[in-house]
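Just below sit the structures, each encoded as structure tokens.
In the two complexes that follow, chain A is the common piece, with chain B as its partner first and chain C second.
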Partner chain A sequence: MDAPAEPAPTAPAAPRALMAPATVLERCATGISGLDDILGGGIPRGNMVLVSGSVGTGKTTLCLEFLVRGAERGERSLLLSVTEASDKLIQNLSTFEFFRADLVSDGSLVFVDLPALYNKLGLEGEELSADEIDIVIRTIHDLVRTLGVKRLVLDSLTSVCYRIRRDESIRDFMLRLGQSLSDLGCTSLLVSEIGPTQGRYSMHGVEEAIVDGVILLWNTRRQGDILRVLQIVKMRGTAHSRAQYVIELTPIGLLMAPHLKGSQQEGV
Partner chain B sequence: MDENDQIFGIPEIDGPLYAALPPGWLALLSGHSGTGAPLLAKQFAHAGIGRVPVLFYTTFERTDDVRRAFTTFGWDPAEVKVVNLADEYYERVLVRGLEIARAREQGLTLDELVGAVPRDVTARSFSLTNRMLSDLAGMDQPFRLVLDSVDFFFEVLEPHDVTTVARQIRHRCQTIGGQALLTLHSVAHDRAVYGLLQDLADLAFDLRAEPRGSFYAHQLFTEKVANRPELSRITPVHVGVGGWAAGAAEGKSG
Partner chain C sequence: MAPADIGDRLRGLPGGSAVALKLDPREYADHYFAVLNATLRDIGGETDAHVIYITVTNPASFVWGLAQALDVPADRISFVDVISHIMMNYSNPLANATYIETPRALEEIMLRVDYLLRKFPHPRAIVVVDSLNALAIHNPRELLSEFFHIFLTNLKSRNVLTLILMTSDEEAGGLEQMLSLLVDETIDVGGGR
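Then we have the complex of A and B:
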């Protein structure tokens, strides 16, 4: 894939001194060491972050590790899945060494299929009305509040917004969802599916303006190999590196290394 | 007239009409509330017992009430397959509507939130039309069918879908020699739709009740006999111990 719309110059990690925040906000450590390093310790607690990328760039895996690491730390973590059934996700997760099935059985890691909630709530039309959008927000809020969820992943925001459609409704939905989750101290990652050459971070282009952060993932080709690349485009509440990092999805989790200048040859 | 050639089992009405009918036909029976059309529909079903399989689709009565009405007049309900479309519609569609309303208003419980399972994508949604027509499609011999009433279909389907249902019933009657009666309220529907249904029917009846002092005098208007307009007529009727019969009620001739 091409580097996305606004490719930042390839650069090594910024010196730690430049990333120190002026005021220290409580952090939600992702548990992915390289990512926490460039975020100055983690995502500011309560932030709503877009994880944006095309197919096969590692969005879901990054998000799942974020949840597992949180559950290990005693933070109840919730995956709201729209596109894949929970059973299948758990099955896929079990191939990673960092996954622990006991976190699911003891309720620390919770999987909920959003289509099942849609079904319970009779949200079956092609497009959600304003009232129905209210119901979706309220239901997610109830779920997070009742379970005391501190980390949430919505996989994917794109699928939800596909049924909201109008830009102003998406903006309103995201503002209210973000406020609701932030009030509950819940840090959230929203998966945004984009095409390899889409030129923006989300389907509608309004999502990235609302969220507190954008983590961008894409594929790039180097000497015949396809590399996954990660870049923090935006993160409110913290200084952060905007450099590009090559990531590797390994059985023990996501590993990061600086994407060296000149290494990017062509997008895939 | 053969004793089997019964429409309602009222000789004065059946006799002139039956000979004019093709082997398979569709009849329409309309009436205002309280005129007794549902009872006449049951009598139509009863008149088929012992000759052909009889299906009685009710959309507003409890099944037990239908059976009780049969026995009140000495008719055996055991030979009639009573299908309660309203109950099935309630269980398959309206109950879900109530559950959704509760979930939307009060929110989902924790068990519902974390234990919800996705909708079975292979599950068939309930279709009032398919429910009835599938029975009909399975018939391979002459039959008698009552749909009491079409009014319910108008509540849940578009008018053109209702006329399509009527057309399909009529076609099935014509194909295998069925006899079907559809009831509907005289004035609850758009006159154009009413007219379309009358056009489709081989027979069209309207049961009316006129006040006569302290009681009502009933008349059955035979408004349409396909290709035999001279057979249209008005017949005084009353309810006796055996159901509807021709003639004014004794002592109530007005």
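Then we have the complex of A and C:
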């Protein structure tokens, strides 16, 4: 009787992905150390994300690093600034090692002062009408499309909303802006200024419902000492960490460490 | 272990190891100097090494003075000084030191070490925590346990050799047991391992 044939060697089975999503969306890697890790690789491309926090929590710096890292990767990045003049922002950016002035000079990193744009468009009233809101959205859309912008920061949404005021108009503005940017494959961060103990993520409370994601920044006290903390509250299209992280704005960029929970803390 | 043998022992450790160095408080000065000699000159002096020294017990300026006596070059050592601010002794900061306002900001310690590891990438990075006892004065045990668990695990994953100085007094009693679960070994300086 012939000996039974040796079974053919088989390749070892690959480990099963236990929590893999059915579809993995393309990511816009922020390039910020640690942040991409807790976002599962980055922000889903085209998402509109609220970066919410009180003063001095690092919102603008996080957004500027997002733009610089994008420009470095060949993704044209645009800052629409309402609260600070571009010259001053570039001056502040130059204190960080990750900033490269050539990204500004070669047009990879574009700064636009929104008040100057308002003037150019003749939008001088205290409150924007429905038609004027439409003009603003179309102007931003055209800017992003013409320049081929892949990353946009609006600093701040709160300042823009001061001139929109009504909740329905804000909701409509954000829905249309978000759709417009998403259609162009542009990932956007909108800075939202909130009070230290506001208990919501935006000035009007409607913004967080519209956006795809919310990154919350706040200050917390430990026995009188203040720590800056970051948490991803919401991010459509990806699994993400919901833990809290202490952040530090270093010369090489934003760094993150797990927030230790061993003692009582309070928001400030 | 005899203080003179510590350097050889530490040299033989693979990257990613975490070791507690337990000093006898009765012979603290001699043993402390021997440990500094071993960490800063014997292994820190290797050509590709960079030591990140976290000072909680003494200001960085004090440890830097000892390091200079051992001929440790300034570009081989960086300090994370966690004590000078709280002592109001911050008027002459060292160029090779970064200062944290309080030993209670344990996350800041992790972040500064992370910063220095990224800023000065070296094939052989060594982190020294001086000391467990000093951190324990300012932090509750639960918080400190959480800190060391995360900190040591992170450094291990980055192949960093971590040395934690402690004295064998009563204050460190509970913490010594906690630390023994996290480190690869405890070396009893001047005594048995």
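We take it that the second predicted complex is superposed on the first by the 242 of 268 C-alpha atoms of A that agree within 3 Å, B and C clash if a C-alpha of one lies under 4 Å from a C-alpha of the other, contacts with A are read in each partner's own complex, and residues count from 1 in each chain.
Keep this in mind: a residue touches a chain if its C-beta (ideal position, glycine included) is under 8 Å from a C-beta of that chain, and two chains touch if they have at least 3 such contacts.
Since the structure is predicted, the reported quantities are computational estimates derived from the model, not experimental observations.
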Simultaneous placement of chain C and chain B on chain A, clash or fit = fit
Of the partners chain B and chain C, which touch A:R138 in the superposed model: first, second, both, neither?
-> first
Between chain B (first) and chain C (second), which, if any, makes contact with A:P115: first, second, both or neither?
-> first
Once the shared chain is lined up, is A:G74 touching chain B (first), chain C (second), both, or neither of them?
-> neither
Identify the partner contact of A:I252: answer first if only chain B is touched, second if only chain C is, both if each is, neither if none is.
-> second
In the superposed model, how near does chain B get to chain C, counting Cα atoms only, in Å?
-> 35
Chain B/chain C common contact set on chain A | none
Which bits of chain A are touching chain B when the two form their complex?
-> 85, 110, 112-113, 115-117, 119-122, 135, 138-139, 142-143, 146-147
Which of the residues in chain B end up touching chain A in this complex?
-> 96-97, 99-100, 103-104, 107-108, 110, 112-114, 116-119
How about chain A: which of its residues touch chain C in the complex?
-> 33, 222-223, 225, 227, 246-248, 250-252, 255-263
Listed in rising order, chain C residues that touch chain A in their complex are 101-102, 104-108, 110-112, 114-115, 118-119, 139-140, 142-147, 150
